[in-house]
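Every chain is named by a letter (A, B and C) in the order it is written, and numbering of its residues begins at 1.
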Amino acid sequence: MKWLVKPALIFLAIVNLIFSQPTSAQNLDDIVRFSDQQFIKGNFELAANEYNRALFFGHRDADQLCLKIANCYLSQNKLEQSALFFDRAYFSTNSDSIKTEAILGKSFSLILDKKYILALSELINIDSTKYSDQNTKLNFLKGVAYFGSNQDDLAEIAFKKCIAGFPGKTDDIEKDFIQLKKIEKRYNPQTAWFLSLIVPGAGQLYSGELKEAANSSALLGGLIYLTISFAAKYSFWEAIVIVFPWFQRYYIGGANKAENMALEKQKIKRNNTYQSILRTIEGEPQQQIAN
Amino acid sequence: MKKLLILALILISALGFVNDCNAQLTAYLHRVDSLFQPSEKVNYSVFAKKNKNEIESTFSTMFIIYKNFFSSQDIDACVFQPSCSVFAIECIHHEKSKITAFLKISDRLMRCHPLVSPGTYKIDEETGKFFDPIEN
Amino acid sequence: MKKPVNFLIQLKTKLIILFLLFTFDLFSQDLYNHDNSFKFGEYLYNSNQYELAVREFERCVFLKPDQRDSHLYLFKIYRKTNSFDKAIDCYKRFSGNLNFSEMDTTFGVEYFKLLVENKKYQDVNSFISSNSYFKENHDLKLATILLGKEWKDAGVYKNKFNNQINPSLVEITNQGLSLRKKSPVLAGLFSAIIPGSGKIYAGKWKDGLVSFLMTSTAAFMSVRGFNKNPKSFYPWAMGTLSVVYYSGNVYGSAQSALKYNKDKEDEMVSKTRAYILSDR
């Protein structure tokens, strides 16, 4: 055995000599450490630059570097670049957890771009992961994407999964969604439209817009008066041809506006519900860290 | 011993990764905060601030009354962006000769019809209407 | 194994490790030196991360101010990120002056593109005629004439050097030569005689039809109102409306003719621009 040690070591040294690259690993690690520091400080552009350098000169963790670069761009709100690097991270790794992280990141940048359906098509590929924190994020993003694409039932399930294990909080979310359903029934755009067709201004009143209701009924009343006075002054047909189209236009317009008002009301309430859900979830991660 | 060391290293790095994620979820929450914020209503009284003389004041008052009490009840009829009324008030503010302004406005009113062939104007991405601003 | 051997191996390992460390030190290069920065900059440039690439090439310029390639990359980046002044500054730093007539071909092509991108067609013309490197470049010369909308001159130039010119430019020239402009005066006159006909002449028959219907309906209503009840407000309103429509239509027809000409010519110009700015 003794005779083998010496040549083996020399062989290793030679191999090392040949394969030692012009850049040392030590140097690259320093760069990554420096960029990590800059990322924490909030110098995202500098951090992205240095991560890119480490990536270009062959740092061994290409996948993690891509993730980090993507996060830099995400922090600068450069959503397209960030999605690109999340994709690169996904295709340059064998690790499941990094793959998941890349998908989560990409769908997050899609959600910030309000492309909820695209985000869902990414998220739907993963059911659940081994890591609890990734699961939390996954369900949270799913919740937001479903909520954004108006699939409230699925959103509710996802949000509940996101804070599974906190029964009180789950109940809160359930209450929020029950409330939301009630509100959507209360401000039904079709009802508002129909009401306005029967009695001009009624749809606006139904949506809680008193000023608009008065405006609409006054305008339409005026136009009816004009039609009648026109018919008296000139002829019935002249009134029908000249003034009545205007009445018709504002009559249909009023109904459409009433519909929009109901929709707008729904949007406001939806946003309130969403804020309430976020506040419910917000308590969780901090508690987890404390534990 | 070596194996133990490697295992410990892997564990430590994994822990670091986990810590990262938790910090991120809080960051996530703050960035998706304003996703469903309803858009604010346009306040047309800003046009009155550009008035330089009586003619412009008269027309911008008419414009504000029209926008608040008539246009607000109307169907979505105008095919252009900016709409004919906004185009008109901008024209009156922008054109030195009010006669040119009137000619431009009446020409615009006649161009605003549902038969406009696609490709004549650029499409405004936000509203999906034909983009036809006043020329500068 | 026996103890002494073990010890020996350990000693040797230490020595070897020392040796290895030494070799690493020998071979490890500074990642921030000129060559590495340049390579990295090229990578950033090719992956469209221009803002980051600027840092690298600026450092290259700082380290080796006489390397023209880093200057050229900086110039390209500033061109692509629409920073006209920075690009000009960059060239000034490189050459020490702003004498564009002595600009060499590689920089010259980039400068040409910069001017075209910023729509400074007048400067393009004077640049091409003053720079000795471009006197023989018939493609760019013809493109300059096309950008100035001088279709006839372009036709003459094309016939002179027909074989040495890129076919896509020849096609643009031919299209330019076959342009039929619409006269705004004629359009206005047409509309003054028959409302809407000027618009049809200017290529917008739907607009013409609508203006004809609107103007004539308003006029018809007004006349009818006057015949029935000349003292009321209504025929006066319709009369005013018809006058407003009529005059607006005359004005609009002339404008439409002008816009038609401008659109057609701009189409040629934008084709030429696309030809110049594409990465051939």
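As a working rule, contacts are C-beta pairs under 8 Å (C-beta built on N, C-alpha and C of every residue); 3 or more make two chains touch, one makes a residue touch a chain.
Source: prediction; values computed, not measured.
By number of C-beta pairs in contact, A-B leads over the other of A-B and B-C.
When every chain is represented by the mean of its C-alpha atoms, the one lying closest to the mean of all protein C-alpha atoms is B.
Averaging Cα coordinates per chain places chain A and chain C 35 Å apart.
Taking each chain's centre as the average of its CA atoms, chain A and chain B sit 20 Å apart. Distance between chain B and chain C, defined via averaged C-alpha coordinates, is recorded as 26 Å.
Of all the residues in chain A, the ones that touch chain B in their complex are 97, 101, 108, 111-112, 114, 131, 133-134, 136-137, 140-141, 144, 147-148, 212, 215-216, 219, 249-250, 252-254, 256-257, 264, 267-268, 270-271, 274-275, 278, 281-282, 285-286, 288-289. Chain C meets chain A in the complex at residues 1, 5, 9, 12-13, 16, 19-20, 23-24, 27-29, 31, 36, 39-40, 43-44, 49, 51-52, 55-56, 221, 228-229, 232, 234.
Those residues of chain A that touch chain C in the shared complex are 1-2, 5-6, 9, 12-13, 16-17, 20-24, 26-28, 31, 45, 48-49, 52-53, 56-57, 81, 233-234, 242. In the complex of the two chains, the chain B residues touching chain C come out as 102-107, 109-111, 113, 115-117, 120.
Chain B makes touch with chain A in their complex at residues 17-18, 21-22, 24-26, 28-29, 31-33, 35-38, 69-70, 72-77.
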